[in-house]
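What follows is chain A paired twice: with chain B in the first complex and chain C in the second.
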Partner chain A sequence: MRLTFPRMGQIDIPVKTLFTELGHEVVAPPPVTKRTFDLGVKYAPEFACLPFKMTLANYIEAIEKGAEAVVTFGGAGPCRFGYFAQVQRRILHDLGYDFELFLLDPPGAETRELLRGLRFLFRENLKAPGRIWQAFRLAWAKAVFLDRANQLYRRLLPRVAQKKAAEMEYRKFLRVMAAERDLSRLELVYTALAHNLENLARLETGRVLRVKIVGEIYMILESGVNFDTENILGQMGVEVIRSVSMTHWVEANLLKALFPGHRRRTGLLSTPHLTSFVGGHGRETIAETVDAGINRVDGVVQILPFTCMPELVAQSILPDLSRRFNLPVLSLVLDEHSGAAGVMTRLEAFVDLLREKREKDMAKAGVGGEARNPTGSG
Partner chain B sequence: MKVGIPRALLYYWYGPAWKAFLSAAGLEPVVSPPTNKAIMTAGLKAAVDEICLPVKVFIGHCLELQKNCDAILVPRLTSVARKEYTCPKFMGLPDMVRRLLPRTPVLIWESAGSFLPQRLWTPPGPGLLSEEESPDPAGQAGTAGGITNGNAREIIPGITRGRGRMKKALAAAGKAHAIYTGLLRRGYLPEEAMAIADGLRGRPAGLRQKTKSPATGQDLPDTGARVGAHGEAKQDLIGLYGQGVKPDRVGVQRHGTKPGRVIGLVGHPYCLYDSFVNTGILRFLQEEGCRLLTPEMLPEEKINAALKGLPKAIYWTMGRLALGASRLFRAYAREQAGVDGLIHVAAFACGPEALIGELIKRECSREIPYLQIYLDEHTGEAGLHTRLEAFLDLAGGKERAGCV
Partner chain C sequence: MATGYYLGVDVGSVSTNLVVIDENGYIMKKIYLRTEGKPILSVQKGLDQLGRDFKDHEILGAGVTGSGRKLIGKVIGADLVKNEITAHGVAALHVHPGVKTVFESGGQDSKIIIIREGTVVDFAMNTVCAAGTGSFLDQQAKRLNLSLEEFGELALRAQVPVRIAGRCSVFAESDMIHKQQMGYKLEDIVAGLCEALMRNYFNNVGKGKEILPPVLFQGGVAANKGIKAAFEKELGYEITIPEHYEVMGAWGAALLARKAGKKKGFRGFSLSDREIRVESFECPDCPNCCEIVTVVIDGEAIPGWGGRCGKWEKGVSRATG
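Then we have the complex of A and B:
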């Protein structure tokens, strides 16, 4: 049975690796295009969030390419993500698409469904737990290296003069990473990228602006729906930092018991401003903005889909944090009607504002302004 | 000491309980006036643009209350049933509101698993807005001198120290809630049910006596208390209506003289019952001679039974009630039991309703006349009422043609 899954940023590389290593045939959904938007908007409910619409379109495009089963995650609320699959199944069924849904709900929500999904995924290897372990190890290692490479790329891009060359290097890395099957060679692939990027970087570049991206994970990671915000900022010479990533999500949600630190950090940082969890990444958004304020990041960009409930709560509170830490915050509410030019203009204006603010701050601090954040210089 | 209760969001479920609780705790509950233009405008100004209208209205009510209250009760109803949630926005409600109220402390009614509070407290520290940035600078009039933003002990003297008093207040809240939900289940709309429940207060002894006699089923206070004991309603509302036992209690018909159509309404309580937000849909339908059924009038066991077989349980309480009620209404329509149409009222950009509404639409639209209404601050009475009239023609026409 050919499998597919929803797409989110580079998650297709480790997930495809995992399923292939487990002995399944995988049909990855194609990257987000105009058609993906059209399909999602046409068939999804109007006020569903963009992630719902895009994943629905992912399934349609993958089924058209021959997928017969969908594997996806669930949840137990209150964010809508946990109920996506149920409504999407109904919509696709009404449209006449024939497929089987395997829902990996967290334990406690629909345990029976989780077991069914796992039994299906492992059915080729039920007798060989070693191979399952190998598959997970390879996929996890890829995810870790992808996140590391992404972090490195975000840090070095503003310090590179030949941005095109850096982008080519990064794309090459992604291609090699997707194809690589040998666990021991992953590190080499990563080191090669690091070496090439560092060669391109000009270390004499002065202190660059640092912007933290917070918000809803799908909108942050899927460059097809956020107009490649990170890349735009990087091209403008801004270093983008963020804590949201696929490995972070897995650690904070699926492996909660092994990584209690994530939740504690979020709770400690956000509690003075948001006293309860609100689902999704709402609390993380507050916590990471506080972190940005304390660490004197130059600005924060919050990316959220229109009608996202947890992020709206966070958005309501962000003005206070902005005032408190003297931290400019830009909330980008995106949906299918957002245009690349509009987003670009707002980001440009925001970066201009940050530049001017930094100059003012430095003038205020006198000559010592440069030393305000010595670690920040490249 | 005056504690404000915003007449918004889940006030339509728990308002009487909150009032009873505060009264029993020795405080003076003050309910904000019904939503009006000024309240809504204040909320629209203070809230984030993209958030749903009911939350904006709630914020408006809080800003209104801060003018003459010493504290404001803000619920954080994380969940009111096991393994379910209300809405993410409700969880962040106290934090969204308190930053807009620089001088009035908020009393957070924090509950999870049941509507009764697990914790009742006030976050420390003043609101983050400074005085001149406060959206309502005139709002300082009634702030009492003795109150600081400390903790619950300062808000309710003696309530955290004397356990007995807290217990008494909680019992009062539970009882008021039971009576109120009982009345809703008998077919009263919240406004009427609250008026009746208010009338009952003051003679609790007689009420208790009557509750024990099972024979007086016709007596209103008695049934209120009896049925209200959470899901004790053995008799099906529709059954009552069908047998003609108490037709006037099923929905409320004020102006129509002919039997009229029965319209099922589903949606979150604050969309259905806030007549300013929904431009008086309920009144309009009543004046057109319709009888109304809402999810609150249906026994919860029936709703849950109707939802059996869902591949995954719905984890939003209001969404579960809406889908379950829509299925019941559909079943009643099929059985010729007298539901002629279904109206789904939701707030624009409501998160859960986007998904649940889609399910309801897909399930219902071919079986029963169905209308979906989205409310926002631009909703106009004339446009909406025209749609309702057209819908009623459709609902009536189907009935005449015998299609339903």
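Then we have the complex of A and C:
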């Protein structure tokens, strides 16, 4: 049975690797295009959020390419994500698409669905647990290197002179990473990228502005729906720090029992501003904005899909944090509208604001006044 | 004294505004035109009018802002292309150095700009909804057969403004029609609409922002006295409408061009007589199907834009600020 899955940023690379190594034939959904938007908007409920619409369209486009089964993830929080799979299954079956859906809910939620999904995924290897372990190791290592490479790229993009060349290197890395099957070679692929990026001519930038992106994870990671915000900011000479990543999401959501540190960090940083779990990444948005304030990041951009409840709760708390930490915050509400102009206007104006604020702050402190703490991405 | 001038152009969804300022920043001439969906043609018209007075003077720099800034920036050879938030902030600070809040309401979007100690510290624009902006007011005034001036005057005469739902312009319109068929007086309905738009502005754009006086109200909608009155009623103090409220964006662009120094990339007022052709097509090279735009001036092509991969943009890129 040919498998497919929802897309989100570069998650297709490790997921495809995992399924292929487990012995399945995989049909990855094509990257987000106008047609993906059209399909999602046409078949999803009007006020469903964009991640729902886009993943629904992913399945349609993959089924058209020959996929017969969808493997997806679930959740059990207050965010609508917990219902995506069930509702999407109904919609697609009503439309006459014939496919099987396997739902991997986090342990503790829908155990029966989870076991059914895992049994299906592992059915070729039930007698060879070693192969399952190898497949997971390879996929996980790819995810780790992809996240690391993305972080490096975001840090260097504002600093290199030939931004196009940097982008080309990064794209090449993604292609090689997707195809590589040998675990021991992944590090080489990464070092090659690092080497090539470090060798590009640098600009005389002085201290580069740093902006942290917080908000709903799909909208942050999927460049096809956020107008490639990270790249836009990078081209404007801004270093982007991301509050979430693929590996972070897996650790904090699917394997939360094994990685309690993420929840502890979020709890600590978000208290007392938001003390309850509001679903999705609402609490992370608050926690990571506080982190940005403490670590003197220059500004925060919140990206959320229109009608997203968890992020709306967070959005209402952000003005208070912005005042408390003297930290400019911009909220970008995105929906199906495809006009990049509005997003550009806001980002340009935000960067203007940050530049001017920094000049003033520096003038006040006396130039080169205080040392600033570097911060790693969360 | 032979002086040079700076040109500012603001290409919005509804209006296209041009100003020429002198080296001290004073407006020498301003032009307010309807864009009518043809940004290049309206800019050509504007340049033609300006050219009559300024064709023998040197234009030291040209700045462009507004939603059509990228296109027009390339067409006229602007030295500076800036987003309209920064441009409006700069113009507001120029006319009122102590300003703390700017309300700006134009054709399709409305913004709030928070300024402290002469710097923009926060801003917001309407998100996925255009209710409460100029286009909607325009449409309603037309439906009632009123000019925008009459519309504002009428609102001021209201005794008991009726409640209109301002969240969505479609529902606002049906609310208005319903109240009108119920027999409410036109001025009360019009004033009710002004209040609804004001409420929507504070809920959508102004939410969570610290609004402090002095407040400047600029953009085309500021011509509407009813809206101004509704804002003042809610805030409890007077707000100021600057003399050149309708061209503040263009003025800001010109001031920014002046600040950037003498660049002289401007192609000249004679652009109004040249044939400018825009060609757009869907790039067939990948499933993104990017809509590519290229401009041809008298047969000479300017590098295109609109693609995600960058291959159409090769060549000129003056557009970064």
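Methods note: the second predicted complex is superposed on the first by the 363 of 378 C-alpha atoms of A that agree within 3 Å, B and C clash if a C-alpha of one lies under 4 Å from a C-alpha of the other, contacts with A are read in each partner's own complex, and residues count from 1 in each chain.
Please note the rule applied: a contact is a pair of C-beta atoms (placed from the backbone, for glycine too) under 8 Å apart; a residue touches a chain by one contact, two chains touch by 3 or more.
Here the structure is a predicted model, which means the values were calculated and not measured.
Of the two partner chains placed by superposition, only chain B is touched by A:G282; chain C is not.
Look at A:G82: by the touch rule set out above, it reaches chain B but stays clear of chain C. When the shared chain is aligned, chain B and chain C each come close enough to touch A:S316.
Contacts of A:T111 after superposition on the shared chain: neither chain B nor chain C is touched. Once the two complexes are overlaid on the shared chain, A:M236 sits against chain C while remaining clear of chain B.
Touch criterion met: A:P30 reaches chain C, while chain B stays clear of it.
By the touch criterion stated above, A:T191 is placed in contact with neither chain B nor chain C.
Look at A:E356: by the touch rule set out above, it reaches chain C but stays clear of chain B.
In the superposed model, A:R324 makes contact with chain B only, not with chain C.
Residues 306, 316, 323, 333 of chain A lie in contact with chain B in one complex and with chain C in the other. Residues 47-48, 50-51, 76, 78, 83-89, 91-92, 94-96, 99, 108, 110, 123, 125, 128-129, 310-312, 314-316, 348-355, 357-359, 362, 374 of chain B are the ones that touch chain A when the two sit in their complex. On the chain A side of its complex with chain C, the touching residues are 30-31, 33-35, 164, 228, 235-236, 306, 316, 318-319, 322-323, 328, 331, 333, 335, 337, 341-342, 344-346, 348-350, 352-353, 356-357, 360. Chain C meets chain A in the complex at residues 67, 70, 82-86, 109, 117, 119-125, 127-128, 208-210, 287-289, 308, 310, 320-321.
Against chain B, in their complex, chain A makes its touches with residues 45-49, 52, 74, 76-80, 82-87, 89-91, 94, 103, 105, 109-110, 113, 272-280, 282, 306-310, 312-317, 320, 323-324, 333.
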